[in-house]
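I am attaching a structure below and will ask some questions about it afterwards.
Here the chain labels run A, B, C, D and E in written order, and each chain numbers its own residues starting at 1.
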Amino acid sequence: MAVKGLGQIDQQYDGSKIKVGIIHARWNRVIIDALVDGAIKRMKELGVTEENIIVETVPGSYELPYASEVFMKKLHPEIDVVIPIGVLIKGSTMHFEYISESVTHALMNLQNKVKKPIIFGLLTCLTEEQAMARAGIDEGKTMHNHGEDWGAAAVEMAVKYGSL
Amino acid sequence: MAVKGLGQIDQQYDGSKIKVGIIHARWNRVIIDALVDGAIKRMKELGVTEENIIVETVPGSYELPYASEVFMKKLHPEIDVVIPIGVLIKGSTMHFEYISESVTHALMNLQNKVKKPIIFGLLTCLTEEQAMARAGIDEGKTMHNHGEDWGAAAVEMAVKYGSL
Amino acid sequence: MAVKGLGQIDQQYDGSKIKVGIIHARWNRVIIDALVDGAIKRMKELGVTEENIIVETVPGSYELPYASEVFMKKLHPEIDVVIPIGVLIKGSTMHFEYISESVTHALMNLQNKVKKPIIFGLLTCLTEEQAMARAGIDEGKTMHNHGEDWGAAAVEMAVKYGSL
Amino acid sequence: MAVKGLGQIDQQYDGSKIKVGIIHARWNRVIIDALVDGAIKRMKELGVTEENIIVETVPGSYELPYASEVFMKKLHPEIDVVIPIGVLIKGSTMHFEYISESVTHALMNLQNKVKKPIIFGLLTCLTEEQAMARAGIDEGKTMHNHGEDWGAAAVEMAVKYGSL
Amino acid sequence: MAVKGLGQIDQQYDGSKIKVGIIHARWNRVIIDALVDGAIKRMKELGVTEENIIVETVPGSYELPYASEVFMKKLHPEIDVVIPIGVLIKGSTMHFEYISESVTHALMNLQNKVKKPIIFGLLTCLTEEQAMARAGIDEGKTMHNHGEDWGAAAVEMAVKYGSL
């Protein structure tokens, strides 16, 4: 019995009216680019227009929460939802653990501050292979591109829950 | 001596006046459905009427805190208590740990923001078998459906402690 | 050289004027009851009168922070200090870890919100035996009842530091 | 190459004008007393006068953040800096981990609330021997008394950064 | 396929107008000095002038968040971005873990309080060798000086995202 699996979409959401921001880190760029492409592709399928998707970058994942806050409050207040995208891979120090935990908390808490949904586009992987698989670009293409899930979640959250 | 066990109910609570929201993720859908059914069944036994139970969904557990906040503050301010329901199962990356921890904190802190009780309907399991057991649907039916506990807790918290 | 040990009381505190709330979970009831009894016994020795001790319950430990907040802000604003009491025991999932951590943080932070001291009455044990020992009810009576420490701490904190 | 070591003081700070509070737990009293003595000795060397050092106690380390807040906001608003001192030693349950983490966070966050510096005087040790060494009282006197560092940090932070 | 690597800069940022604060701890001074030098060197390459870089110190990493807050709010409100720099190395107690986690959270959250970007200049290493490598000063010069990344990130964040 296969109980695990993708959360099936409960209905078709119409993304033609929503505006989305994607802010991504530039570390692990090949993986990041695939994830960003996956998110954009899925959102377009749901009706989001190309001019309603704004893409911006930050150096690393630690910068995602602050940049997302400035992006939503000052630079693009018309945006309905943001997908911060970053790829963190375990190294030999504890950097991975402290960054992963603090960024996850900060993105979660940011929603209450900007009063809009934020989609969790962070991969927290133990190996590069895991990250590539989740971007749909490992050799065997063993998993789907998780960016697509994030794109679908962005449209659903903006349409169904909107702003606080 | 069996000291562990279900917290026995201290008295019969009357749920006939309360309104409950259930917001559940759609990952691991078979398990989620059993948990949602268990919560609804128990609440009805305690007098909650079917029209006073509103069910809504989100893509994954990360979306539960924000959706619950919008649900209680904007979409359904008449609601007395919310049961966010999600099933997180350990995978090969660290996604499970960071999501579990940040969602647990966010749901806890949300109570102070919405001034109403939120029941912790999150299973954080190491295997699918553990999750199925806690939804009362593993082969040997080794455990009771934890959704029933959440339904009972929702009625008690709304009746006994009400709003902040 | 025995450097570890109970924190010796620095002076005799007079509890005759203070009002205390005990809010306890109902899971692991035998252990909980012993802890509650220990706290009450110690507070009476320090002069707290029986009518100045109010006892209320919640289903499980996760409910302690919200119930304590409602209890202190709305139901019993005359209360000087609250002792939330719960017993968490490690199971096979990660439920223990996420609940223990979020409840500990929430009780700590609650003090600043209610402007009154909250005593940490949570046992976070790896086995039932550990919990029974700390309630003074294991077979060999290997440890003292920790509820007594909490009762003494409640009187001292209310008398010495009072409200914020 | 010895890169690790005590942070060398960058200049001589004059503590003759500052007022310091020391709030210490009473568990592991022998170690605590040595740490408190070390902090006071160092502060006197930097010019802090005896009447400008106020010492108060709490039962255990969990009480340090609330007591420090009351101490600085209500009881002694003239105080420039507080050194909360506690010694936590790993036991067989998870008490050590949850207390250590929540107290560390609470003391850190308290600085923003009281608008004054708080020095981290918490030892989080795995054995009593580790704690005794860091108080300068293990048999071989293998380490210096960390209370001295805290005393020096208190003077520097109060003089150089003052209040928020 | 080398997917990991430095986040490539997306464009040349002009740092000639920005003012930067560097606040560094004094523990592990040799490593810290190399990191501070790396950050300054990189910022100068991006046009930041020497008089627009203010350097201040604190005793240890725990002091970084409070000192950064005072620095940005009171002492140097003209500053556009701060780089707090500290080096934490795992010792035999749990001090490393609790300090690393609380400082990381506090620096992250500080951005929302001061409304300006803060660059994460904390090394959280398991050995001194790891820290020296990341400062570009281990014997084999196996890694680049991470201070340079922080300097580049400071210029980019101040220019691109500015204040909240």
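One rule holds for everything that comes next: a contact is a pair of C-beta atoms (placed from the backbone, for glycine too) under 8 Å apart; a residue touches a chain by one contact, two chains touch by 3 or more.
Only a predicted model underlies this, so the values are computations on that prediction, with no experimental measurement involved.
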### Between subunit A and subunit E, the fewest steps along chains that touch one another
1
### Summary
Note: chains that touch subunit C and subunit D both are none
### Message
Regarding the subunit D and subunit E pair, does the interface count as same (over half of residue numbers shared) or different (under half shared)?
### Response
different
#### Entry: Rotation in the CA alignment of subunit A with subunit D, degrees, nearest 5
145
### Query
What whole-Å value do you get for the distance between subunit B and subunit E if each is reduced to the mean of its CA atoms?
42
### Query
Taking each chain's centre as the mean position of its Cα atoms, how many Å separate subunit A from subunit B?
26
### Query
Can you list the subunit B residues in contact with two or more other chains?
101, 105
### Query
Line, ring, star, complete or other: which one describes how these chains touch?
ring
### Message
Looking at the complex, which residues from subunit A come into contact with subunit E?
### Response
25-31, 56-60, 62-63, 65-67, 69-71, 73-75, 89, 92-95, 98-99, 101-103, 105-106, 113, 128, 131-132
### Query
Within the complex, which stretch of subunit E touches subunit A?
1, 3-10, 90, 100-101, 104-105, 108-109, 111-112, 117-118, 120, 122-126, 130, 134, 149, 152-153, 156-157, 160-164
